[in-house]
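One chain, chain A, appears in both complexes that follow, with chain B as partner in the first and chain C in the second.
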Partner chain A sequence: MANWIDACAADDIEEEDVIRFDHAGRTFAIYRSPDDQYFCTDGLCTHENVHLADGLVMDHTIECPKHNGQFDYRTGEATRVPVCVNLAIYQVKLADGRVLIEI
Partner chain B sequence: MAGIVIAGGGDCGIRAAFAARDQGYAGTITVVAAEPGMPYERPPLSKPGELGATEKPICTPERLQDCKIDLLLGVSVHSVDRAGRRVVLSNGAGLDYDKLLLATGAVPRKLACSGGDRALSLRSLGDAQRIYGAAAPGVQITVIGAGLIGMELAAVLIGRGARVTVLEYGPRPLGRNVPEALATRITGQHLAEGVDILCSVQIAEVTKNAVILADGRSIPSDVVVAAIGVVPDTELGRASGLAVENGIRVDRQLRSTDPHIYAAGDCASVLCKDAVYRRFETWQNAQTQGDIAGRNMAGAGLQFGGPVWFWSDQYDLGLQAVGDTVGQASAIRKTDTETELHFYLDGQARLIGAAGLGIGNAVAKDIKLAQKLIEAEVPLDVALLGDPAINLKKMLRPIAVS
Partner chain C sequence: MTERNYSMNGPDAARAVENGLAAADWYHSDISRKEMKALMKREDQPAIRDTIVLLGLMILFAGLGVVLWPSWWSAPFWLVYGVLYGSAMDSRWHECGHGTPFRTAKYNDWVYQIASFCMVRNPVTWRWSHARHHTDTIIVGRDPEIVAMRPPALFRIFLNLFGLIDAMQGWKRMLLNASGKLDPEEASYIPESEQSKVVTVARTWVVIYAAVITLAVAMQSILPLMVIGLPRLYGAWHHVMTGVLQHAGLAENVIDHRLNSRTVYMNPISRFIYWNMNYHIEHHMFPMVPYHQLPKLHAMIGHDLPAPNTSIWNAYREVLPVLRRQLAYHNDFLKRDLPPTARPYREDLHEAALGETATASTHPISAVPAE
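After this line comes the complex of A and B, so read on.
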């Protein structure tokens, strides 16, 4: 059964930005793309224990705040070294101005 | 068939090997690595971690295998026969090369005073294990040198219950590459945590249980660590007759004076855009130059040029800097009471450097944007740089972001 969690208000995230969301001992990064779509990945970079919510979002890329590694946050794909392990991604839907993630 | 041979299995050498494969190189790639274990990253060695020394591997054996990269561990390149394009290894074996990369890194500068060889240094995993192994609660440790590594080390050691004194030759800690206001804040944190810091002192002698200063003072010390900088490991370059001056000299494509030999990372002195040779000692530089050298050995013609970036973590403070941050900042941005960024402009109001300090990775986004602004080489409005209400992204993309 799908487990949809209310993560934040759609307006809590600026366009082309990311915020942190913690739930049940896990941590996630929730993104709002320049074309106003929402995405969710695991919160920590696969290279080191660094939270991606401190990273820079440009277009559809999140850049890790430490090691310059990059991911496409829509697919979780690692796109630049030193990261080589992809990020887990989660389904997102909007309802009544809220962002829900499926975990 | 002669392939690519890389001397040095640090961040730079390993990156170069993968980059050459990424570029489509089909020949053999051999990394000759003097250290015995799997390649590891150095920055975690001086960052707080539960065990003190965090061992963070650079890559897995499987990835090396997938990319058909041969890694020879505990073996070094002993000599280079440039005419025959062949290296001789420390185990007596020979390896032919078409392209050779010297990524031999740097070694800690030795303390020159009497008893100086009593001091430990921090460069390798073994060094770190030795230092943290000795850092039991109550042990008196003296760190010589208040540079980034000395200060990071002091933070880790005090956190592990040791009593820590830092001795610095210059007038203030972090004087070489951290803007004074930021260095002052970091120093204040050290003092609050209980680290003793003495500046403008000269070391006369290291004895079995003390460091003796030139003015006669004696600092009781169970363990002494010298963190007084590194010198590039240019032995191979020099012995093979390449141009060497504070690093193995390379052009913008990272080629030495021999077109079949490249150098990159901490050991290389690189011709920069402004026709000055510079050597950098940062993790990102090792990655970037390794990438360029690897690709160029595989036939690309990339040039090194981007601004060099580094970070330092001390307690909960995170420092990041990019480019040239000497002299007076042109603009200061205070995002909140704990986060500030300093921007450095050239005569044409173009950004050439930025440094920031905050809790954790609070300055990371803005430093990355600053890096892009430096690369854009466009004149900027100083007032906007200093205004925390203005998103730097808007300055980077005035049209795309409304």
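After this line comes the complex of A and C, so read on.
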């Protein structure tokens, strides 16, 4: 059964940006794309344990702040070395101005 | 006296993992997300401008060298061309490896490939090597890019002013890789999925060098090698001169870049050649900030960093006495004072390294060893 978690207000994230969300001992990254869509991935880079929320969002790419590896945050696909392993992604929906993620 | 083992497969490597120094959480100066986002923002224009200037100067000076060849009047033009090929390409290799100078990813990749060829550094191998240098900066046994070890290999550094060790190793490694093999150390940090790319690049380079050498033989002249290959030797001095200053004489096995990296103010020509990597603490602390934004970052966090060296000369006056001491006292290093506005070093985190402060020099310029 779907378990939707209230992560943040939609306005908490600027356009083309990312924030960190911690829940139940896990960490996630929640993105707002330039076309105002919301996405969620695991919060740590798959290369090393670095928080992606400190990285740079460019279009639909998140760049890790440590080694500049990149992922497409819509699909989790690793697109630039040194990252080689894809990110896990999670469903997101908006309800009453809140961002909910399905864990 | 502590004997260090800088091999990636040696006892210090295992100890670093045991002690939690590998892939540790490093110190960062405070800077707001909004400010950092503005600094990290990518644009093409500055790097396109600088790349056009660099390639334009290379064509100009190599062209003049060729026209005046074999007269000695060509020598000054080769010396300039050599520095652009054998030193400016080092910083282009470095920056484009990070993927930060250009917003357009393929521009970073193009310049990275050209610069890797000039510097004889396999672009696949060295991307992984440099990632490790950023994860585990100057952690003994983990960082494959430590230049000034302890005791410092001063003769090796001297030979590298003419590329005699690094370039030779690069060409030797190119031939090994072209034969389909990897060095065991390379294999320790390059994922298996990437290893075939190392071989492909090496084989491509062998073809290029074979063409240049064939042309030289046909012309019965080293002129083609003066354009491709040899400038890696006769133009290497500038990148070695600036590169040594990045970390030499500072702490090992710490997780605060203020303790193991150095920011040095440099003249505009050296900064163009070096692409602002003289702001080295800032670069290591925030590697996503493009080279053209580093002076701004420096101004924003300077209050939290040790005072920068005021010139290349000033930095060498600090470094050389420490390296000299390290020939005899391997545990000696320079621990630089922080300004009163800075957050203090976390001595508790660096107990193993800073516990050696009995031999640490804390006043750089006066840290000349007793005769």
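Worth a mention:
In this section, the second predicted complex is superposed on the first by the 103 of 103 C-alpha atoms of A that agree within 3 Å, B and C clash if a C-alpha of one lies under 4 Å from a C-alpha of the other, contacts with A are read in each partner's own complex, and residues count from 1 in each chain.
Here is the rule we use: contacts are C-beta pairs under 8 Å (C-beta built on N, C-alpha and C of every residue); 3 or more make two chains touch, one makes a residue touch a chain.
Computed from a predicted structure; not experimentally measured.
On the superposed chain A, the two partners chain B and chain C do not both fit; they clash.
Shared-chain residue A:68: touches chain B and chain C both.
Once the two complexes are laid over each other on the shared chain, residue contacts for A:81 go to chain B and to chain C alike. Legend: residue contacts after superposition of the two complexes on their common chain; A:12 is shown touching neither chain B nor chain C. In the superposed pair of complexes, A:49 makes contact with chain C only, with no contact to chain B.
Chain A uses residues 48, 54-56, 58, 63, 65-68, 81-82, 84 to touch chain B in one structure and chain C in the other. Contacts from chain A toward chain B in the complex involve residues 16, 34, 48, 50-51, 54-56, 58, 63, 65-68, 81-82, 84. Here chain B touches chain A in the complex through residues 15, 18, 56, 58, 63, 283-284, 287, 291, 309, 311, 360-362, 364-365, 368-369, 393, 400-401, going by the rule given at the top. On the chain A side of its complex with chain C, the touching residues are 17, 47-49, 54-56, 58, 63, 65-68, 70, 80-82, 84. Listed in rising order, the residues of chain C touching chain A in the complex are 23, 36-37, 40-42, 98-100, 103, 105, 127-128, 131, 134-135, 191, 193-194, 286-288.
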